[in-house]
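Next come two complexes built around chain A: one with chain B, the other with chain C.
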Partner chain A sequence: MTATVTAPARRRGPSKKAVLPWLFLAPGLLLAVVFKFLPMGKGIWLSFFKVRPFLGDKWVGLDNYTRVLSDHRFQDAIGHTLVLGVGISLGAILVGFLLALLLEGQARSLKIMRTAVFLPVVTATAVVGELWRLMYYPTSDGLVNSALGFLGIGPVPFLDNPDTALWATMVMGIWMAAPYNMVIILAGLAGVDRSLYEAAAMDGVSLWQRLRYITLPAIRPALGVVLTLAAIRGLRVFTEVYVLTGGGPAGSTDVWMTRAYTLGFSRNDLGGASAASVVLLCVTLLLTVTVNYFRKRGDVR
Partner chain B sequence: MGDRQRRRRLAAALAAAGLAFGTAACGSGSGGTGSGDPNTLEVWTRSDPDSAATYDRIFAAFTKKTGIKIDYQPVVNFDQQLQARASTKDLPDVMINDTALMGSYQSQGLLKPIDPESIAGHGQISAKSWSSTVGLDGKHYGIPYSRQAMTLMIRKDWLKKLGLKAPATWQQMLDVAKAFADRDPDGDGKKDTYGIVAPGSAMNGYAAWWGAGFLWQGGAQIIEPDGKGRYRPTMDSAAAVRTVTWMKDNLFCGARGVLQPGAVSAVTGTATNFQDGNAGMYMTGPYNITSFDTTPGKNTYEVVPAPAGPAGSDVLAEGENVYFGARTGKTGQEQALAAFLVSAEGQKIGMTSVDGHQPVVRIPTNSTLDAAKVRGDARWSVVQKAYETASEQFPNAPDFAPIKQDTADSLNALFTYCGSDVRSGLKELNETLAGDLKDQDLLK
Partner chain C sequence: MSAPALDPVRTPSDEVAVSPTGRGGKQTRTTPARFDTALGWSDRPGLGMALRVLLCVIALAIFAAPFLTIIAGAFSKNPSGSSLSFLPHHPTLLNIRVAGERGIWDYFTNSLVIAGGGLLLQLAVSVLAAYALARHRFRGQALVLTLFMLTMMLPEEVIAIPLSLVLGHVPVVGLDLKGTVWAVILPLGAWGFSVMLLTEFMKDIPTEIEEAARIDGVGELRMLWQVVLPLCKPALGVAGVLGFIMIWDQYLLPLIAAKDPTDYTVTVALSVLRTDPEVGSGVVLAGAVIALVPSLVVYLLLQRSLVTGIAAGATKG
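== the complex of A and B ==
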């Protein structure tokens, strides 16, 4: 009986209430379609062609994909991308968490410190790259090397040694990303019930136990957000590498995106570069969906 | 919240979105006013704002003379922007960019063929210059606009202090480099100076660009034409192995300070040691003369020919051509602009610096002009002589971009790993180059 009553109501079409959000969303959606989804679709389309705009694109099927996936430089780049993506993500979460613990509170001096610590996030990556290149200068004049000199170490050619260049890039990546995570984790920490800490203090628990059994469970939603963002950003690392090392020396810091860039713009192979980008898109999508799946499963539990 | 207020907010949001679209549309189009106007030419050059100021003067003079307006766009990341425009099949009418890119552009169909006879004053351009704009099909695809050759910039004050002379051979260059690194030429009591500046990164093909002169001076070639329109890779030759081994052992893996620190990851933008005053030699193009005259200072350095290797002292010659974008219907106006650009008047404006801005014509392609006389600076005769008598260009008929990039990747890897086996590394490079030529259907 109830069903027969509600059915005609549905047939009246979408209500004003239902349309309004779409109206607000429309400009953003339109912009996204024109500037994001159409170019993305074009990129996927081009990945099946040898691109020659004025001579006519030539259909090559999966050739671009085969070429990219069988190129040993792309294969090396996969390894570097994974090491860098995972290293920067985990490192930035850990450092972000430590920063958040240190800078949590209401004091005015803490606000100033938080602003100072947040600066790398709002600084242009090109500027950060230049700054770190100077800091990594491979003689004892460099900032890091002069500090190491006090300890009797070095000078270390951070960016010129293929064994250290990737790690040096990772440290810069962590430095740039950690403050962003710090802000999200700080928001999570603000919601932790203080009485739990007081009760724990009365029970005489250690600092580690307090972190393990109160803080970490309480900020799990914030950590979930940070992890999802890290999964999205981790694999598409580009600017940090491009400005700091350009993929060198000897390709030791080449990541998937720098190779795709070189293929597209140094070798003018836009079809191959599109194929490389599509592969990256698929892997990133897969990773994001997987992280989200495990996060939701964790939330349900 | 009342309905009226809600409606107002909605209207404001839509207006803002409309504005955003409008702005975006302005930014993404062919840019500027009048690109559809038959009497306006859209011109792109690969220039930073400094060089663009010189181009502005050239185009102003052209417009004053002919009435043809110029919608001028200086583009720093030229190739990326050009590929983006090419994908919309809407190219600029006229482009001025590197000669070595002609093959790449032509292979993508971006250029209109040019009949030299159709350019007024074509006879004032030498046959050598015209021959460098012939594509694989025997047609011309560019008009020679500016040329240059690398020379050695060297600190004469350091030479004087150490009682040395500018080097004439590789060995002398090495000796001077070691002296610059070890004997405190700047007199500050510290070991903080270096011999030679090298942009040795593989990024954008720099290692091949900077190393090309050494290869030729050592008797090696990257690819060789067979005279019948095809090419063969020759980086596995004995001369190439010998030369690259010499570079690796003496420069990149040699005594401390022969090259500046970080040479294997340096590009021209970051290899600033000569300007910074802590390196004494830099084999580079004459476009740097203007900035080097400011720092380290005109009186501190001299411009000399490149030191000779076992097979001579050829250096890399480069230059820029005027290209006409494919499928534009303004041929008459384009030809008029090209004629002005290569005329004595146009080239003179491009060669002079006003308010310290960078000149855009280095060695004039108009043979009635003398670079040193126009500028009143004898150093330019060293560059002009190097270009005319001891220089080679990268082949411009094939698409040289992948060849240069692969060569740079390989050289950079050999120079980075000092224990590497040069012979096997170059054999592998040669196979890669054969693949590049095969992709272009040019392998002999």
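== the complex of A and C ==
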């Protein structure tokens, strides 16, 4: 175990007390190193090579990066990733906020409602994908299309049309994420000082002003967390798209990770796929660090 | 929106436990209910109540009703489009049987083994690591904490390609894990989230309990097993249910860890069923329902832990 070696040596060699914590940490660190950090390092390494099985890898410098970044399908994928990430994040926060406002309260019926509404979050993404594929059934007797039929809107071929497929994916993403946000926002709402509402009512403020000046500031910390999580998750959206559309039709829903996956596993271009993953990793880390920096600064003030 | 009259006093909330400040509950005891919610919903019959019920019905129709339709579809003879409804047409078990012939129960067994093994490993690893991080002081502690946090920021998606290489040939030992359940279980072992969660929880356990046990000559492992762990039950519940849902939701990892489709988990196998030209959508729905049941059971049994866990994990940030 390499972990024990790094234990600090106090005066007379590593004492029993100094080694002990490392023994407890060893399984976790070992697994993290072998199955997380080693692949990460290997990915960075491979991104500089043209990977050729049996022939040996060939150093190509930044070729993979320029190739990936100048590929128009990857450029389209960046656009889709941003649209999906931003759309799902904001949509899920808005819907989650509305759900939280609707379902706030202690009544037993409300608790049952919250349990039911939360179901999309606990359901595996692959199952949700199958569910929505049926709901999006393109003929007029599909579930969503028959609902639209009541409103007098003709059947929409949601997933088969390049113009609608991305939006259809976004709606599914919002559906999956909104109840999660609802729970976080509800926790924020529970912390609002009730006497403020009372005082506001005496001052005769409107409902809108009450929401704007009491509720929103109170849940701002919760909203900040929700937004951060959503933005970071949005960038690496994969399973949602992969199970619902597989990137199609005609690449109209291809996101960064589905592109990288296709490149790596279907086209066997491991170098290019690694470069694409490293780009995403850098953006994710940058975003996380920036957000943490601003949040810490916000805390200090 | 609504103009509610004063309402009778409500019981104090038990939801307050999840509030980030931990305050606000007690003082509502004497406050009329109209100030309990941001929108001031009234629980007296009236226009506001009717509106709320209507909106709730819409929310249920959007977020919960689709589940009824897939269950109905799974037990219907020939579901497609309009025959999707809340109750099965011509109820039948044929879809489940066909799905069984396509090996859905083998996939389901794969899933159960992976979920059980993965969760057990994850909890064991997290408990050990959290115990060291929370109850011991040692050099490099901050670094270790950062490493575990990083595991949360290194999602499977980003390291999928090199991970699939590592799974095919684990360094040093040189094992080929692909096609075995270990290829999915082992990478799930180190999950920063549950390490963080348990560490935070263990920090709050008073040291007096530990010191008393130490005077009695209790060793480290027994201390963890018999003193600290029993006190951690609530946190273990949260870590367990979140971990289970996270593992059951895995898609890419079982996909890249498999040697051939028979190694798939039930969630990944749904795509196999879908692309099978000989089975109809009823069979796919049957598979979806089978994949859905375990997460539903876990959620309904342990939803309280889950919701507190999400709220706590988020607001601590």
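Just a few scattered comments:
Quick note on the criterion: the second predicted complex is superposed on the first by the 259 of 301 C-alpha atoms of A that agree within 3 Å, B and C clash if a C-alpha of one lies under 4 Å from a C-alpha of the other, contacts with A are read in each partner's own complex, and residues count from 1 in each chain.
The rule is simple: a residue touches a chain if its C-beta (ideal position, glycine included) is under 8 Å from a C-beta of that chain, and two chains touch if they have at least 3 such contacts.
None of these values were measured; they are calculated from a predicted model.
When both complexes are superposed on chain A, chain B and chain C clash. After overlaying the two complexes on the shared chain, residue contacts for A:P157 are found with chain B alone; chain C is out of touch.
Contacts of A:T215 after superposition: chain C is touched, whereas chain B is not reached.
In the superposition on chain A, A:T139 makes contact with both chain B and chain C. Shared-chain residue A:G264: touches chain B and chain C both. In the superposition on chain A, A:A250 makes contact with chain B only, not with chain C. In the superposed model, C is the one of chain B and chain C that contacts more residues of chain A.
Of the two partner chains placed by superposition, only chain B is touched by A:R52; chain C is not.
Residue contacts after overlaying the shared chain place A:P27 against chain B and chain C alike.
Once the two complexes are laid over each other on the shared chain, residue contacts for A:L286 go to neither chain B nor chain C.
The clashing stretch of chain C relative to chain B, chosen from 25-33, 169-177 or 241-249, is 169-177 in the chain A superposition. With the contact threshold set out at the top, residues 24, 27-28, 31, 34-35, 42, 133, 137, 139, 141, 264-265, 270 of chain A are in contact with chain B in one structure and with chain C in the other.
Within the complex formed with chain B, the chain A residues making contact are 23-24, 26-28, 30-31, 34-35, 42, 51-55, 73, 133, 137-139, 141, 157, 159-160, 162, 165, 245-252, 262, 264-270.
Here chain C touches chain A in the complex through residues 1, 10-11, 13-16, 18-21, 23-25, 27-28, 31-32, 34-41, 43, 52, 55-56, 59-60, 62-64, 66-67, 69-70, 73, 80-84, 124-126, 128-129, 131-133, 136, 138-140, 144, 147-148, 150-151, 153-155, 157-166, 170-171, 186-187, 189-190, 195, 220, 245, 248-249, 251-252, 256, 267-268, 270-271, 274, 281, 284-285, 287-288, 291-292, 295-296, 298-300, 303, 306-307, 310-311, 314-315, 317, going by the rule given at the top. Residues of chain B that touch chain A in their complex: 10, 13-14, 16-17, 20-21, 24, 79-80, 83, 86-87, 89, 104, 107-110, 192, 201-205, 261-265, 267, 270, 326-327, 399, 401-402, 405, 409, 412-413, 416-417.
Contact residues of chain A toward chain C in the complex are 6-8, 18, 20-22, 24-25, 27-29, 31-32, 34-40, 42-43, 46, 99, 101-107, 113-120, 122-127, 129-131, 133-135, 137, 139-143, 146, 175, 178-180, 183-184, 186-195, 197-198, 201, 207, 210-211, 214-215, 221-222, 224-226, 228-229, 232, 236, 238-239, 242-243, 257, 260-261, 264-265, 270, 273-274, 277, 280-281, 284-285, 288, 295.
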